[in-house]
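Here it is, the structure in full.
Chains here go by letter, A, B and C, matching the order in which they are written, and residues are numbered from 1 within each.
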Amino acid sequence: MKKWNMSALACVVGLTALLTGCGSDKAATGGNAAAGSGQQSGTEQAQPVQIDFWYALGGKNGELIESMVKEFNDTHKDIVVKPAYQGDYYQNHAKVLAAISAGNQPDVTMVEVGSIGAFAEAKALEDLQPYAADTIDRYIPGLLGNSYWKDKLYAIPFNRSTPLLYLNRDMLKAAGLDPNGPKSWEELHEYAQKLTKSEGGKTSVYGFSTPIDIWFYEALVIESGGSILSEDGKQLAINSEAGKAPLEFWTNMIKEGVMKAPPGEKYNAWDVAKQDFVNQKVGMIFTSTGDLKGLSESAKFDVGAAFMPANKEYGAPTGGANLVILAKSPDAEKKAAWEFVKWMTDTPQSIKWSTQTGYMPVTKEAVESEEMKKYYETAPNFEVAVKQLEYAKARPMVPAYKEVQEIIMTELQRAVLNQATADEALQNAVDKSNKLLK
Amino acid sequence: MQKAVVANSANAPLLQQEVAVKAGRLTKVRPYLYVLPALLFFSAFFFIPILYIIYLSVFDWSLLNLEEMEWVGWQNYADLLSDADFHQVLLNTMLFTVATVVLGIGLSFLLALWLNQKRKLVAVVQASVFSPHIISLVSVSMLWMWLMDPQYGLLNALLEFIGLPAYTWLADTKSALLSLVLVSVWKVVGYNTIVFIAGLQSIPKDLYEAAALDRSTRWQTLRRITIPMLSPTLFFLLITNTISSFQVFDTISIMTQGGPVNSTNMLVYYIYEQGMDYYNGGLASAASVILLGLVGLLTVFHFWTMRKRVHYR
Amino acid sequence: MHQSTRVAARWIEAVLLVAVALVFVFPFLWMFLTAFKTMPEVYQFPPTWLPETWQFANFETAWSSGPFLRYVINSVLVAIGVLIIQLLTAVPAAYAFARYRFRGRNFLFGLALIALMIPPQVIFLPIYVELSHMGLINTLWSLVLPYGASAFGIFLLRQAFMQVPDEVIEAARLDSASEWKIMWRVMVPMAKPVLVTFGLFSFIYHWNDYFWPLIMTNSDEVRTLPVGITMLKAAEGGKQWNVIMAGNMMLVLPILAIFFFAQRHIMKAFVYQSK
């Protein structure tokens, strides 16, 4: 009986050790204040500073991030970066938010550009001005639109994108269309009609498809000469001609049977659109330039990328994510974190990142570099987003926009699924959002 | 669980003499000491959180700045109850629960009547029907999302094979909630069936023998003996199925994320979204309290019926 | 004539029985088949039944797309850790409820009853805040401690303890064994079948749990298998259902294997709650 008790005890003790083992390991990396202050008083032989870095890209892009972090760790002996994948942007944001309250937030994280305002307003982010005084000029100005909030610098561009029109060039050629794709909404409509194939009431190939996502809607509103928010950012401005045009454009094409609204919420719809494109079930889709590498490799046909077609004018929002440093991190970690951010967004890394994913390079030097220019010659698709930047605008970033964009998306879907007219849906979105924007 | 409660502890064999002999201080506190560890856990992770969530629900707060909570009184509740989206969430939760419970219990009752046999094949079928119940909802959700894929999924292939048009499943507001109900029913039917079979087997055989002597028809036997005798089981399943339907989260989070157009957004997912995604801790807490109230009511109702031990006729 | 219709009816019933079984088993078979297909084959419509060539590589892809060994270890640690703590709290409590009469017993027992009915999902927010004050978020403790006391376990064991004949305990007491010893050495061994039942129930529940680890963890060191598997969504060219299904097999197979060998126990474990 003694024996039994002893073994039970051993079991419990062992388990405790295992559980705490993991726990304390985390405490050491999770920005423990005591560890931080110990570091400051330490000498040069002090242990390397550990920082946590959260990212939100899966698949090949995620693997590339891991390998870049490894390279950083190999070249910076005084800093150890621990990368952690947290799912898509939504999941990552939720995790960061929850972790801040728990005090085990990362030191660096990706934040989708439209949510920077919300995080900054909540005082979650470190003001980067003191760190970046002499580096900020290296970044492309067009990509800094979502970096500032109330005149303070909070975020450094990393995986930055614009939406593009992806083309199945083989399909376009077979239909006798210009393989460079449509330039305007009318042409897009026309191309979609010509690419659509249906037999006996069943559509086997749709000409065009896009997730009913806020980002593409923003693009089409900009192209129609409008904006999502009023100038002061306190009102939703989409119950207007420019706000209605995109919705009618989509619903008309859907009713006509030449556009497919992919099923699924949030990124599930993106997955369907991309999978349809790769499987040649649709001829053209909207998606991020960040998908260029992945789609080009998966597709067994000639993939083309083109500007988002113009309505009144060309236009697109920038997108993707910036890197931020969390305000709650201890000073030593912040310093190390800045080193990491600076390195990740520096020219050599930016070139590597851009050419292996499709995201845009973020430094002026990178865009102008010989390496990039040579790459663009062999892979002109990769330059489209950079060229489109001329017409691009920053995403709205008032703090409430994080929730407002969901409201807009739900209402857009309502209209697309024929549950409300465009006017009703937009008015609904305005009514709900204005309460939050005040 | 009914029996445990009903049997009550009054007849628990107590060794009065022994207690008297050893009546020392330790003997008096011992029961409390033994209950204490469990009680501590219950307090820390159950009773205190319940009080805490009620407290949190009258503040405007977010996980980002817990230090700056702002007293708002009933405002969160007022906001929720006047919000059309929340009405939809409540409605979805109700529809989902009613459909899942009715279908889940109805189907399993029929299955139980059929599968209440002692044959090898039937035993295998029982185990098969039960198997989804022990599989993680994560896998079940992913599997069904794949089966219900409108373009490449097996279900639409089968529909097409027998000459029916493809169904929209999760892609349309009209069919998404129903699709989630289908998944939940598929998962719970086996459990309910086995519980019903256990209930059927505990009905005394002589009741049926008496019925046979009375020349009762099958239908009469079912109505006069089986159903009344099964009523405690039925009630147990009603309550537990309802409570577990109320807290559906995994399937929504993986399969639909509340969409399309909020048509599958339900209470726990709504609480998660408000609290973790939108920084609305106050609203999330108020919604939690409402959910807690609903579950609490059901629990009270459950105990009440157990105490009365009514056989419904 | 009569005889032959009866035989026919029996056959028809057998066919129907198999059909019902298939409704519940075939989806798992489909998961298995999908896990062995190539991407182009997955996106073929109408789908093929058997994989053209069996792709074991999908399992490799799934396994290497995250620290899956770590996830498995964490899942096991959590499920076993929960079970051990639950037993340590439930055995004495159940013993007290079953064998002692004391003031407030019914009240305390009633409290446990309430805990049985209300699922933790309902109160995850305050528990999150609480655990974060304790600094336990993103540790395995945050997955274990909230489940430290199991009302269900207390019930099962209390019932089992109540069925132990008085003479057994009296004999032990005459041997002047301490109450603590009697509890662990006499009562617990006699409740062995119930312990197995409860152990299976608890293990399966926590092995499968998704919600709690999703909320409480944010690093691979402490993530469990269900959360790890939801991260399998790959970005390029749509969902890789073959890899996703291969990943899910890791979650499903151990449970199905246990179920295969301990069917009766498991069905009893889950159904026990209704008694």
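Keep this in mind: contacts are C-beta pairs under 8 Å (C-beta built on N, C-alpha and C of every residue); 3 or more make two chains touch, one makes a residue touch a chain.
Each chain and its UniProt protein: A = Sn-glycerol 3-phosphate transport system substrate-binding protein; B, C = Sn-glycerol 3-phosphate transport system permease protein.
Model, not experiment: these values are computed from the prediction.
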Selected interface, B-C versus A-C, where C-beta contact pairs are more numerous: B-C
Centroid-based (C-alpha) most distant chain relative to subunit B: A
Approximate Å spacing (C-alpha centroids) for the pair subunit A, subunit C: 37
Subunit B and subunit C, separation of their C-alpha mean positions in angstrom: 16
Where subunit A touches two or more other chains at once, by residue number: 98, 101, 272, 276
Numbers and ranges of subunit C residues touching at least 2 other chains: 43, 88, 128-129, 215, 230
Residues within subunit B bordering two or more other chains: 63, 66, 151, 276
Subunit A residues touching subunit B - in the complex, by the definition given at the top: 90, 93-94, 97-98, 100-101, 118, 122-124, 263-266, 268, 272, 276, 281, 402-403, 406, 410, 413-414, 417, 419
Subunit C residues within the subunit B interface of the complex: 14, 17-18, 20-25, 27-28, 30-31, 34, 42-47, 85, 88-90, 92-93, 95-102, 105-106, 108-109, 111-130, 145-149, 151, 154-155, 158-159, 162, 166, 169-170, 173, 179, 183, 204, 207-211, 214-215, 226, 229-230, 241, 244-245, 248, 251-252, 255-256, 259, 263, 266-267, 270-271, 273-275
Footprint of subunit C on subunit A - complex, ascending: 1, 4-5, 11-12, 15, 18-20, 22-23, 25-27, 30, 52, 54, 57-62, 82, 84-88, 95, 98-99, 101-104, 267, 271-272, 274-279, 291, 294-295, 297-299
Residues of subunit C that touch subunit A when the two form their complex: 43, 66, 74, 77, 80-81, 84, 88, 128-129, 131-132, 135-141, 144, 181, 184-185, 215, 218-222, 230-231, 233-239
Subunit B residues within the subunit A interface of the complex: 62-66, 150-151, 168, 170-173, 256-262, 276-279
